[in-house]
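Here chain A shows up in two complexes: once beside chain B, once beside chain C.
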Partner chain A sequence: MAEISFPLPDLGEGLIEATVLEWLVAEGEQVERNHPLVEVETTKSAVELPSPQAGKVLRIFGTPGDTIKVGDPLIVFEVPDDTAGIVGTVPKEEAPKRRVRLNAVLDED
Partner chain B sequence: MSETLEAPVMQEAGEGPAVETLSMQQALNRALAEVLAENPRAVVLGEDVGRLGGVFRITDGLQARFGEQRVFDTPLAESGILGMSVGLAMAGYHPIPEVQFDGFAYPAINQIVCQVGRMNYRSRGTLPMPITLRVPSFGGIRAPEHHGESLESLFAHVPGLKVVSPSDPNQAYHLLKHAATRPDPVVFMEPKSRYWQKGEVDLDAAAHGFRPGGSRVAREGRHVTLVAWGAMVARCLQVSELAAEDGIDVEVLDLRWLKPIDAEGLAASVAKTRRAVVVHEAPLTAGLGAEVAALVTERCFGTLRAPVERVTGFDVPYPSGDLEDEYIPNIDRILFGIQRVLEYRRG
Partner chain C sequence: MGAHRDRLVEGVDPHLNVQVHEAAEGTTGPHRPVILLHGFASSAKLNWEDAGWVTALTQAGRRVVTVDLPGHGGSPSPEEMDAYSPSRIRADLLQLIQNAHVRPLKEGDDATGVDIIGYSLGARLAWEFGATQPELVRRMVLGGPAVHDPLADFDLPAAQRYLADGTPIEDPTTAELLRMATLVPSNDLYALLTMIEAIKIEPFVPSDAIPQMPLLLVAGEKDELAQSAPELARLGGKTELLWLPARTHANAITSRAFKNAAIDFLAG
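After this line comes the complex of A and B, so read on.
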């Protein structure tokens, strides 16, 4: 298994921190991509952060009321080693399918 | 440039079992770790290769093991990644840059063509460029635009560069270790759709006669040679099993090195089968299949039973999503290619 850390992103233009309002996932929980992770408040607004990826939540940082700086760890996911990259999906290994049949007279063999 | 066709180098057997089942990701990760351990001048750089371990996990754990001086993240600027690599090479290092996706190589084309490929020539051999440029390449993972391109003919056209593409974990492990010890720049095109498939890696292959240079007969056959590289080798092996059901014995030639191309290996295979179909994901026009067809024609004109067939991508931008299956040569298109060379008659 591999660990992937997701730091608090810049949620606006030049914001430097955010305050945790409520965690919407718990450690040990399996989440899908875009699942709401946490509600945080910045100096501009309260926003819900969607999960950047699928995985098991290994660690979350900060309890309600805590301030987290942009770039500091927010959440760590555990993902299987063979999980695809951030872009794209793992191709399925399928039994080969065909419609074309070869029909040739080998005149020299 | 030094010749890639050379005798196998004997190496000490590593710890543990000589054969392990690894994915291509794991095989490449293992190879990089060994290169970093063996060569203190080797450095790995690129976008997200450090703390994250790469979007495909190829550099996973390397920064923790070798430190931020040897495995480091760069800004999102491919021209900078390659420019820095040129400087490192001039200073005596062996940089192993990663361009995160094939389509991101375009901003670095100036550095690749005008510096990486030429510095050794320009300096009369005083500034060699031992750069191993890793490029996750080709399509097949349902990624958006810029994430599924096949740039081998662009790279192969640049004097001074070597180009290689592994087809399975064993090839990936050994070819990367080989490339990363060369004095010349090598573009290492990793078939990203094959990253997750597992295969046996013979870690002691050097002692078992693994040849890092030239092409490789992946399957022997008598009636037709399928020439392929990267992810298309696995597909051609599938096709060869299906063709066998119809009584056609297909040879699959894994070209491996796309510059220089192993013309002798190519000719030896086609001289035997007398028919060739070249399969690649890149667009047809001015693709590497044309080079293969020319080499085969030059060397096997007298014995060829049919013109060389090309089964390739189309002359369109690489499509994302489900259209990928229509673009990448599929089993039926390759079978049609075989049928065309089988039924061709002169006159």
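After this line comes the complex of A and C, so read on.
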């Protein structure tokens, strides 16, 4: 299994942080891509963020009332290795270069 | 013979930005559209798309129609004040419904009529529209509603002084409404102030015309602007009132409890 972390995305010009209103998923829950993840409020408006990823929610950051800065961790998913672009089990010590390259591709996703 | 489009309720097409979102594939729901009316200084995108309503409704099998009010979002900002008057906007809504070929409500036919969800100013417009168009509107959900339109109390001279030389605004509601109005770059501030002028001429008097269809009123418990929602609920005939714990006028809109209650109510 692989882990993929997503930060709080850029929510528009000038906005540097958002306050968590309510999480719509729980740790351990399996979610589909675009499933509503969390409601957050900025100085401008309240928004519902859809999931950028399908997978099992491993960890969520912030409880209602907490402020999260744009770019800080928001959620971590656990996804099967093949979903993450890795076919089969690649032992780290045997193919470190390949794994690094694939992770770099993932970050661009 | 002309298309519906050629028959204009008010003689002039306001070219409002109307978007239709079809029900998600594989879902089933009533075929009548849900019309979404956003609040002052907001837009269809902010109030309904970014807040997750369009996704929630289309996933629940509903066809959704959003419209940007004049001076808001992607709609034009005409110079004349009449374009912003609540009565004119209600006529524009009737036009929109006519253009969409909506047929009057018929018992047992879920493809007739419309449902409406309005927030804040959109709730006021919905109240008046539903009261005057009972043959078209089946059910309505009114969010952040009040018996009194806070825009009618907006201190326009104070706002203009503030915009001219930064003189602080004393009235907190005026200050907050202006703050909201200046935060959204797609909004035309001059147009928004013109809309306030027009609303002052036609303030909200909910007892003048009362919608008779079932209504769901929803407000945040900490919504300062909607504290009079129970009074409005008492005026309506078949009305339910739902309070959202800990929510304010600004952040009640994303509430999952609000969306679920609205979807259930409109399916009833």
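Just so we're on the same page, the second predicted complex is superposed on the first by the 83 of 109 C-alpha atoms of A that agree within 3 Å, B and C clash if a C-alpha of one lies under 4 Å from a C-alpha of the other, contacts with A are read in each partner's own complex, and residues count from 1 in each chain.
Just so we're on the same page, a contact is a pair of C-beta atoms (placed from the backbone, for glycine too) under 8 Å apart; a residue touches a chain by one contact, two chains touch by 3 or more.
For clarity, every value in this text was computed on a predicted model and none was experimentally measured.
Using the contact criterion defined above for the overlaid structures, shared-chain residue A:21 touches chain C, although it does not reach chain B.
When the two complexes are overlaid on their common chain A, residue A:59 makes contact with neither chain B nor chain C.
When the shared chain is aligned, chain B comes close enough to touch A:4, but chain C does not.
Once the two complexes are laid over each other on the shared chain, residue contacts for A:69 go to neither chain B nor chain C.
More residues of chain A lie in contact with B than with the other chain of the pair chain B and chain C.
By the document's definition of touching, neither partner reaches A:33: not chain B, not chain C.
Contact residues of chain B toward chain A in the complex are 23, 25-26, 51-57, 60, 101, 140-144, 147, 192-193, 196-197, 222-223, 238-239, 241-243, 246-248, 305, 331-332, 335-336, 338-339, 342-343. Within the complex formed with chain B, the chain A residues making contact are 2, 4-5, 81-91, 93, 96-104, 106, 108-109. Remark: chain C residues 42, 46, 50-52, 55-56, 183-185, 246, 250-256 touch chain A in the complex. Interface residues of chain A, counted against chain C in their complex, comprise 13, 21-22, 24, 34, 36, 39, 41, 43-48, 50, 64.
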